[in-house]
Amino acid sequence: MNRLQVELPGLSLKNPIMPASGCFGFGREYSRLYDLNILGAIMIKATTPKPRLGNPLPRVAETEAGMLNSIGLQNPGLDKVMEEELPWLEKHCSVPIIANVAGFSEEDYVEVAGKISTAPNVRAIELNISCPNVKTGGIAFGTQPEVAHNLIRKVKKVSRVPVYVKLSPNVTNIVDIAKAVEAGGADGLTMINTLIGMKLDLKTAKPILANKTGGLSGPAIKPVAIRMIYEVSQQVSIPIIGMGGICCAEDVIEFLYAGASAVAIGSANFADPYICPSIIDRLPGLLDELGFNHITECIGRSWKTQ
Amino acid sequence: MIQKEMCTITNHQQIASNIFEMTLQGDIVLLMDEPGQFVHLKVSEGIDPLLRRPISISSVNKESRQFTIIYRVQGRGTALLSKKRTGDVVDVLGPLGNGFPLDETGPNETALLVGGGIGIPPLYELSCRLVSKGIKVVHVLGFASKDAVFYEEKFMKLGTTYIATADGSYGRKGLVTDVIETEGISFDTLYACGPIPMLKALEDKFPDKKVFISMEERMCCGIGACYACVCHTKFDKEGSSYKKVCSDGPVFRAGEVIL
Amino acid sequence: MNRLQVELPGLSLKNPIMPASGCFGFGREYSRLYDLNILGAIMIKATTPKPRLGNPLPRVAETEAGMLNSIGLQNPGLDKVMEEELPWLEKHCSVPIIANVAGFSEEDYVEVAGKISTAPNVRAIELNISCPNVKTGGIAFGTQPEVAHNLIRKVKKVSRVPVYVKLSPNVTNIVDIAKAVEAGGADGLTMINTLIGMKLDLKTAKPILANKTGGLSGPAIKPVAIRMIYEVSQQVSIPIIGMGGICCAEDVIEFLYAGASAVAIGSANFADPYICPSIIDRLPGLLDELGFNHITECIGRSWKTQ
Amino acid sequence: MIQKEMCTITNHQQIASNIFEMTLQGDIVLLMDEPGQFVHLKVSEGIDPLLRRPISISSVNKESRQFTIIYRVQGRGTALLSKKRTGDVVDVLGPLGNGFPLDETGPNETALLVGGGIGIPPLYELSCRLVSKGIKVVHVLGFASKDAVFYEEKFMKLGTTYIATADGSYGRKGLVTDVIETEGISFDTLYACGPIPMLKALEDKFPDKKVFISMEERMCCGIGACYACVCHTKFDKEGSSYKKVCSDGPVFRAGEVIL
């Protein structure tokens, strides 16, 4: 028995650990550091129909226990991802790929989802309706339940693989959005994307990021992520892939307790590029210490009656 | 190859106002082949600060498995670094990026090395390597003021060295470009590292020469995965073609990227 | 000339530094550590019509660069605040007092605001429509623009002093709320209150806080506060007292740059009980270093054209 | 009076499994009058961790301006504290709270001091003070297991001392209450510090005695301003009357607060 095995729609995960979208490119760079096959899955960088250069620099700023980014969905575009990145990944690892799908209109999402879901190693798509760093699209789809609902229905029609929807924490009522997304046919949720934040330069008085605002990630946002996953997991019946500030195996367990079924690691890759393998190594020992046989016993334990 | 290693501090001292020299020991040194590459340092355990700090490798000694960095205390990260003592360990990721090309200057040719402030450190290893190939080196080093000057003697041992300070408190007063002009320095290849305006001025001044510049940008991953440090190429100003400073650079051929 | 002097509706502040509500009680305890007269003002603990014991313990949990609290508006009640706390403050210091007014219904707010604004040292009230730690009232008033608007109109009718309204960051659109509050007649805004968060215990799998969720404060939330103040200050014409993670004089300047006219210090008092006096001491030197004559030159500098 | 001071570590050693003894020097010691008071420590500069940690004062020496604390490495804060070296400084706020009343036990009377685990440290200074007033002291100290035992000899020098361990690996097996019963210990006043179940058992067992207990709660300010550490009084279980552990306690008369 593999104590770390988790089964989710479209995803048979040998462990619940995967790098978060945007923090791991398309896998090539980290493959120079370790064998990608040890991962549970890989969430690749957002893909849009056309290539995108993203926002002007500076695009990142450090904050207390966190960081801001305003990359702005830079990516080589759907064609190149289909022709180069995904085949490269297929050749170099057999791990399920979750394709992060972004856009500026319903048509964009539908186009990318329809095509990218035909790639043999893409086992699920992650619909990014929560990017705070682009002016149109992105987060605009993720803050209005009805808009999100309609988008998901359309995407579900074209996608050949299960659709996970990435939620924005920048909302008054996350449960409303989650329910609308579930009703729209989503197979799972991923949460949370970044909180919108800003940092000013002491000398110039101006925002450090050229885009002014950016998305706040890292340990600073972990309590918000835990709270939202705790609330949403009790109100929907589709599984959640949790993220937001995870830095160690103990954090992974906290996310599972809250109600996530698997987790993604974002900013922590920057502090320690070997963070995913270290966490995977540590999990069995931690399960022993906590008295669990199987990692799935942790899921939702904060609110489930035992 | 890139490696992560806890390296031990074998020497750490202040060498100018706010400027520190730190020598670290570890097997990672065996991978350090190109002058101009950098390391990505975690200056403390835990989450404060969260991100690594990119610092250039300023000299390498494979026999003793030691390398040296020179850094200026800028903000919280470098301040914490400066408090470490000999014997402490530092979490080093590296070597990262592509360094200065050594084979662009032939033996008996002259290389001009121009550095500004904390852009100077990587030029030291570069100069050593050029000299050992029989290349003649000339250094023009710019500092803010007298108390910021470091490594003058070390560079002098390798070749002619001009010092300029912005306030004229030491060496020549003015910019490195002024010095190159007034001294009428001639050269075959130019290697530069320092503030963007300096790099720009050099690029503009010597459009027909072989010029290599080293860039700085805010970084997260340091290995090319996060798109934090992307710059446009001259070839495609608005389009989607780009270079990553961390993995395609930090050294570029002049004209390759937009400054 | 006092380089730190700031004039706001009802408040003549000899410096823009004040302790935030809930982190300084009613001033008695900190008066044992330093002379309260050095402060710009004091925001006292939330006051409700009747005494409140607050939520069960544990009520606080530490998080990365932040903390969660679920005190639950514990306070001795309006009568005791009027008869004991405010007179004590009046006797011991001549600093303007900002009374934090809380409640569970419109009537509660109206009752407390009407009475407390008659106290001679209460120069402004801070309407707390953003407490995340009580089941009814509190944040419920702070997330719906119309509800907030109506409440403020009623409170404005009875208050003898200017009314500042404390905004919750747990909303999709902070500018909408701020505009509704301004239209309702508010004289100023205070922002931000805490983000809703949660922390789970690794051993029990349950929330550490007895109240389950709590309010996240401290440096972790600073980028969110800066972003919201930056956005709101450009859209309203009433002044803002900023707060959220301030730990040093540099942070104060960042809040002013963003658009705040004064600031409050909350959680940082716990790390260093002398934080307010240290910041006040440090400000003139910092102004020199940054080249400002007067602190008001910093206000809104991130977006004002100079 | 309360003071904040950077105190210097004059001694720091591990005295049992996970248990450290640290001696600090500073003028703040001159304010430490009541055994049972605590200090609030900032274990690192900066924001990680953010909050102070409350630790009891376990002994005080005004002449040498030194005081000692004994702490168990529990989480991140105490782990960081344990890495400090002699000569380092620690940011100390204190003394805080109200200690054990010394005048509730007359000369020639017997005081029973009962401690569990890291509740034991403040009893040491208490015992010294009681003994110096001519009071007879008996100690019953409970630990998890043999390797957690500390200060046995120090307590033995002051009076009869019974050790109990939960797993029976040292001293008597069982709870401190078992020991009091089987040994038939008689006393006039009982002072206790340790886990809530222990305090509760003692309160229940000796309803007619003078019993003083010291409480622990999660704290922020440590001085009574934030309402983090409030507990109900027996007198008013549901109402708005309450006590703050940090400023009204940590020592209470048994029955005063609800355990």
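To keep things simple, chains are lettered A, B, C and D as they appear, and every chain counts its residues starting from 1.
Everything that follows uses one rule, which is that a contact is a pair of C-beta atoms (placed from the backbone, for glycine too) under 8 Å apart; a residue touches a chain by one contact, two chains touch by 3 or more.
Everything quoted here is computed from the prediction, not taken from an experiment.
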Would you kindly count the fewest steps from chain A to chain C, each step being a jump to a chain that touches the current one?
-> 1
Between B-C and C-D, name the chain pair that shares the greater number of C-beta pairs in contact.
-> C-D
Would you mind pulling out the distance in Å between where the CA atoms of chain A average out and where those of chain D do?
-> 47
Rounded Å distance between chain A and chain B, as computed from the means of their C-alpha atoms | 36
Shared interface positions of chain C, touching two or more other chains | 64-66, 219
Do you know which chain D residues sit against two or more other chains?
-> 47-48
Determine the shape of the graph in which chains are vertices and touching pairs are edges (line, ring, star, complete, other).
-> complete
As the complex stands, chain C meets chain B at residues 64-65
Across the complex, what residues on chain D touch chain B?
-> 46-48
The chain C residues in contact with chain A across the complex are 63-66, 68, 143, 170-172, 195-200, 202-203, 205-207, 212-213, 216, 219-224, 226-227, 230, 245, 250, 253-254, 257-258, 290, 298, 301-302
Residue numbers on chain B that touch chain A, as the complex places them | 1-2, 4, 42, 47-52, 93, 217-232, 238-240, 242, 247
Listed in rising order, chain A residues that touch chain B in their complex are 22-25, 28-30, 32-33, 45, 50-54, 57-62, 64-67, 69, 71, 74, 76-77, 218-219, 247, 267, 269-274
